Amino acid sequence: MANKKLSFTSDYMEGAHPLILKRLAEMNMVKSSGYGTDDFSESARSKVREACNAPDADVFFLVGGTQANATMIDSILRPYQGVIAAESGHVSVHEAGAIEYGGHKVLTLPHKDGKISAESVKNCIKGYLSDENHDHMVMPGMVYISQPTEYGTIYSLDELKQLSHICHEYKIPLYLDGARLAYALACPENDVTLPDIAALCNAFYIGGTKCGALFGEAVVIPKHDFVPHLFTMIKQHGALIAKGFINGIQFETLFTDDLYLNIGKNAIETADRIKKALVDKGYTLTLHSPTNQIFITLDKEQAEKLSKDVELGFIENLDENHVVMRIATSWATKNEDVDDLIAAL
Amino acid sequence: MANKKLSFTSDYMEGAHPLILKRLAEMNMVKSSGYGTDDFSESARSKVREACNAPDADVFFLVGGTQANATMIDSILRPYQGVIAAESGHVSVHEAGAIEYGGHKVLTLPHKDGKISAESVKNCIKGYLSDENHDHMVMPGMVYISQPTEYGTIYSLDELKQLSHICHEYKIPLYLDGARLAYALACPENDVTLPDIAALCNAFYIGGTKCGALFGEAVVIPKHDFVPHLFTMIKQHGALIAKGFINGIQFETLFTDDLYLNIGKNAIETADRIKKALVDKGYTLTLHSPTNQIFITLDKEQAEKLSKDVELGFIENLDENHVVMRIATSWATKNEDVDDLIAAL
Amino acid sequence: MANKKLSFTSDYMEGAHPLILKRLAEMNMVKSSGYGTDDFSESARSKVREACNAPDADVFFLVGGTQANATMIDSILRPYQGVIAAESGHVSVHEAGAIEYGGHKVLTLPHKDGKISAESVKNCIKGYLSDENHDHMVMPGMVYISQPTEYGTIYSLDELKQLSHICHEYKIPLYLDGARLAYALACPENDVTLPDIAALCNAFYIGGTKCGALFGEAVVIPKHDFVPHLFTMIKQHGALIAKGFINGIQFETLFTDDLYLNIGKNAIETADRIKKALVDKGYTLTLHSPTNQIFITLDKEQAEKLSKDVELGFIENLDENHVVMRIATSWATKNEDVDDLIAAL
Amino acid sequence: MANKKLSFTSDYMEGAHPLILKRLAEMNMVKSSGYGTDDFSESARSKVREACNAPDADVFFLVGGTQANATMIDSILRPYQGVIAAESGHVSVHEAGAIEYGGHKVLTLPHKDGKISAESVKNCIKGYLSDENHDHMVMPGMVYISQPTEYGTIYSLDELKQLSHICHEYKIPLYLDGARLAYALACPENDVTLPDIAALCNAFYIGGTKCGALFGEAVVIPKHDFVPHLFTMIKQHGALIAKGFINGIQFETLFTDDLYLNIGKNAIETADRIKKALVDKGYTLTLHSPTNQIFITLDKEQAEKLSKDVELGFIENLDENHVVMRIATSWATKNEDVDDLIAAL
């Protein structure tokens, strides 16, 4: 019925965490009002606010990451503004031009392992401001980062504070894409909490799709009404689901008994086992990635051999003989699959 | 936890049909590939093609109705074109400008109980063509209808053939919004089948959200590659979900053992009971609506009285003293709730 | 070389007023800086501010009317908003969907001879606000009117005050399209001055193209920085010309010695002569139009006969046997052509 | 009245070539039909077709360069496509996001002195095609180049043929921005003729604004109806002027007696004199630029000293101590101003 080979392609290959499925089944015939006006959603919003220590936050539940990014970027920017992002950022590369479809340029910065520095952001803004022709150019109007990044790396609290400081200095909103946020929160190297993010960012989303939900992302705007009429803009983007309570039930469950804070642990532990085995067997890790994504640089021969037994994620062709592939673990990764993978290396 | 009063507000107040929930639970830990490339989705596509007697159809699973409409209209139209729709059409009124957000004008026609006639479409196109300034005007590039309509009415096979004929004559695609299609298919007055729709329309969607799924709409394009690169445009619209297999599992279930063809029966039967009671008790039906939506014209006093016991859907203020309200039934409506409603009338 | 028949098709058939051509020739080799930063433009802006009694106004010179409308509407509205306009408004019908291209719905109101009333605007806004589903709908975010209207009629000062009052009450900007403003200002029936417009509207444009310039429209925003970063948005719309000084020279001339206030007189006088002759000869004036556009309802026979000698502007097919045609005069209309036209009636 | 200092800021500081002004004055009171349907425009189109040896070409007259680029790119691309351009390209940097406003990403390539190579274009397209995730990415749908480039350099016929060959191989249109085309055509190093461009590009524009006209760019599409309904899309972009005959008269004049082919000669000759003087006086030319734009790298001290006597164009801050400035000549540059400039160096 589904793929048979051992697969570590991505972290969105299974359905939902059992507690979510259970709750969906239990509440299945409860009647709820539409579009997120229901009690489950209200409860979920309260729990998210509490987890973020952001009592006045506006919280909206959207369906997917590209949708959340495009909706928020379009809704926050004015037409003459663009969004600063890493060259490797999801909005720059893998959203099929969704940001441009909404009318905005992505102003790309070089990245280091998926991260951009406060200094490069500052230089970008200062370069814009000191260019005598800047009225003919797209104004930097927002900074987009992801935590963890596309390469599984994480911003430290200090780095996040520096970015936030620059954004504040130039009155430019800071937006954080948390598609895989649970895997950062569960990572021992991480020192950035949800309240930190809420305190330092103007808007962010807490990823559900890749972190235990069937689908869904919780957009959080710490300062109430920072984006007026966002509900209508979400609808306009086709991002408002009729049965908003499905999202409500999922996030209520994720934010009960710290499930979201713990759901990533299995992914980190299994990823650590795999990384150790890779190093032991002489594979080349492309970079140091402390969360649930592992990047390995393979030559053609290795890649072909490995692909007989395991499905991995394609990242990029480095050159004619080398390719970067990704191994992703998740809340659902089974230790016996990890054993099989290690045996296949 | 949720709303306590008797509620007939809409047809999207409960979760999913039990068979869907069951299947989601059974398949929860099966690993699938992303973005609709999985086996469940492939199977669902086959079953949809078969049900539509459209073996070459392209089938895509999207999340919601506004999203499906905006994505398809934007993807089919060229920039200089607009979409013809009833003044009461969902795309005209209740999508927060999603079509215009995509750059296209909605060219509205007067409607009769939510329906537009082939003749009015023809006159619109001919009026455009015979206007000496038409190169300065938006060209009609598509016709949008819904089955059932916003008012629960249905196009007869003859009416649909006439619309299709006009569209064909002027080489303009015909698009059908089937958000509530199950309720048309289950309606005894209806003589339009899925194969009819596939034969007469260039694109349409089979509604899941309001017809038994947690969410999801199956876009069907009977002629393969009628919309090249639609996958990328779906992604660009934020309408591509990572866990496409959730959609796959849902539509596979809906199209197994004719579930979709039968799922609307309960809604029709309960709506018929309610309509009979309304007429018996002297209420004014706003129009003849043979599917799962009932529209009643109430004076202020009636509306206030009724609202104490029952939640209904608001449609419009007719004048200072009258309001049109909607009673919606669904696959999930319970006979005991219908009893209570009738008692409260 | 050009059309030989007697032509009253439009008011943009000749080049520029002789004083403008003369000034362009005299200043042809003066070096100026680009994009409207030159001294001619600065002087023109001062003169426009003075004529409008709006000392703090932002003034920008654009090229054409559709461009000015689209740029201003896009720049003022937020994505969730649309613009209220008459069904007959230029933005509704004859701009090829330019407003929708920018992402905004045109919310049309019925018109009376091209005009909309304060009451209908109020009802539209109140209808929106009182609709329980208005968060799913496009919010009225601006009111668009033209002076004179598409049908050559004019708003009285009292009517304009009422519109402005409603807009102010609901905090919605009022925008006035003055493509043919000179013909309103020169019309004896008119009681609305440039300072009135500046006092009552949030933005408007003073038409050059149809009022004596080679091209060009002066956008006036009475309150400084009401639209921040408009320069960049003008550029983004492709509406910023490199040789802005050409616009500057033209508008400086139009606003020297009251040329703009007087340039329409010839059009009004010749139009009055023609209207009198039409009535005398039994033609049907479609409506009372006091400015430079005359609308006549012709049956097919009349239309064919007249078209042998004179070119008129096509407006619309009323029915199979009747057509509405337009006779337009301008600053450039010659009395001998009027004599010939009257003879041909 | 205008700037008094010696100015070499740009090539659009004066009005129009005297022959154009003369013709505009002579034809000023001839009545013409609107929107480019007039006889002058028809004649100009014929002459442009002849000069390009492209008898079936569609020719449209637009107002400015950003407008022409945005209109053509939007009109040719499908929503899922982007345009390949040099990082330094006008569409990438100095059009205030006009391309993104139309919904399209600019896919930038590194440049060499403003030029991109056929090989880098090929690698970009091949990289896209060989990326397993390319359905989630913006598809290269067009190649944008300018002749001369932003840095005054020119593509050789051989280079243009190679680019055209790659585009043809991958069925991607090649578009050429000829804002300053007259200065390439008049350049002794140039071996690319108008017929070459028409033979090798799918669309291009012949610049008027910077090459002797008051304003205006002639868009040429060698293959008739390559872009269906372009007229309406031009209108939709606000790029259609009512008095199209002003454009017609200007381009008719430019394409009579080879004026366009010769109008750039003065610019080349004066630029050559200046370049020689710069080298003689020890200035650093930033790059070899054979047309009418000269780029010099100045340290702060030089820049300040020079700016006392001469206005130059700002290009970019190289580092804290160095700036790149531009000297531009044109058809209107006077030898006495060149003498003064050389004296001031």
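Every chain is named by a letter (A, B, C and D) in the order it is written, and numbering of its residues begins at 1.
What we mean here is this: a contact is a pair of C-beta atoms (placed from the backbone, for glycine too) under 8 Å apart; a residue touches a chain by one contact, two chains touch by 3 or more.
Computed from a predicted model, the values in this text were never measured in an experiment.
Between chain A and chain C, the least number of touch steps comes to 1. Per-chain CA centroids place chain A at a distance of 32 Å from chain B.
Taking the mean of the C-alpha atoms as each chain's centre, chain A and chain D sit 42 Å apart. The multi-chain contact residues of chain C, meaning those touching 2 or more other chains, are 79-80, 95-97, 101, 103, 135-137, 232-233, 235-236.
Viewed as a contact network, the protein chains are fully connected, with every chain touching every other. Residue ranges of chain C in contact with chain B, taken from their complex: 79-80, 82, 93-97, 99-101, 103-106, 127, 130-133, 135-138, 314, 316-317.
Residues of chain C that touch chain D in their complex: 1-3, 7, 9-10, 12-16, 18, 21, 24-25, 27-34, 38-40, 43, 63-71, 95-98, 101, 209-210, 214-215, 232-233, 235-243, 245-246, 311, 332. Listing the residues of chain A that touch chain C in their complex gives 35, 74-75, 78-80, 103, 135-137, 139, 228-229, 231-233, 235-236.
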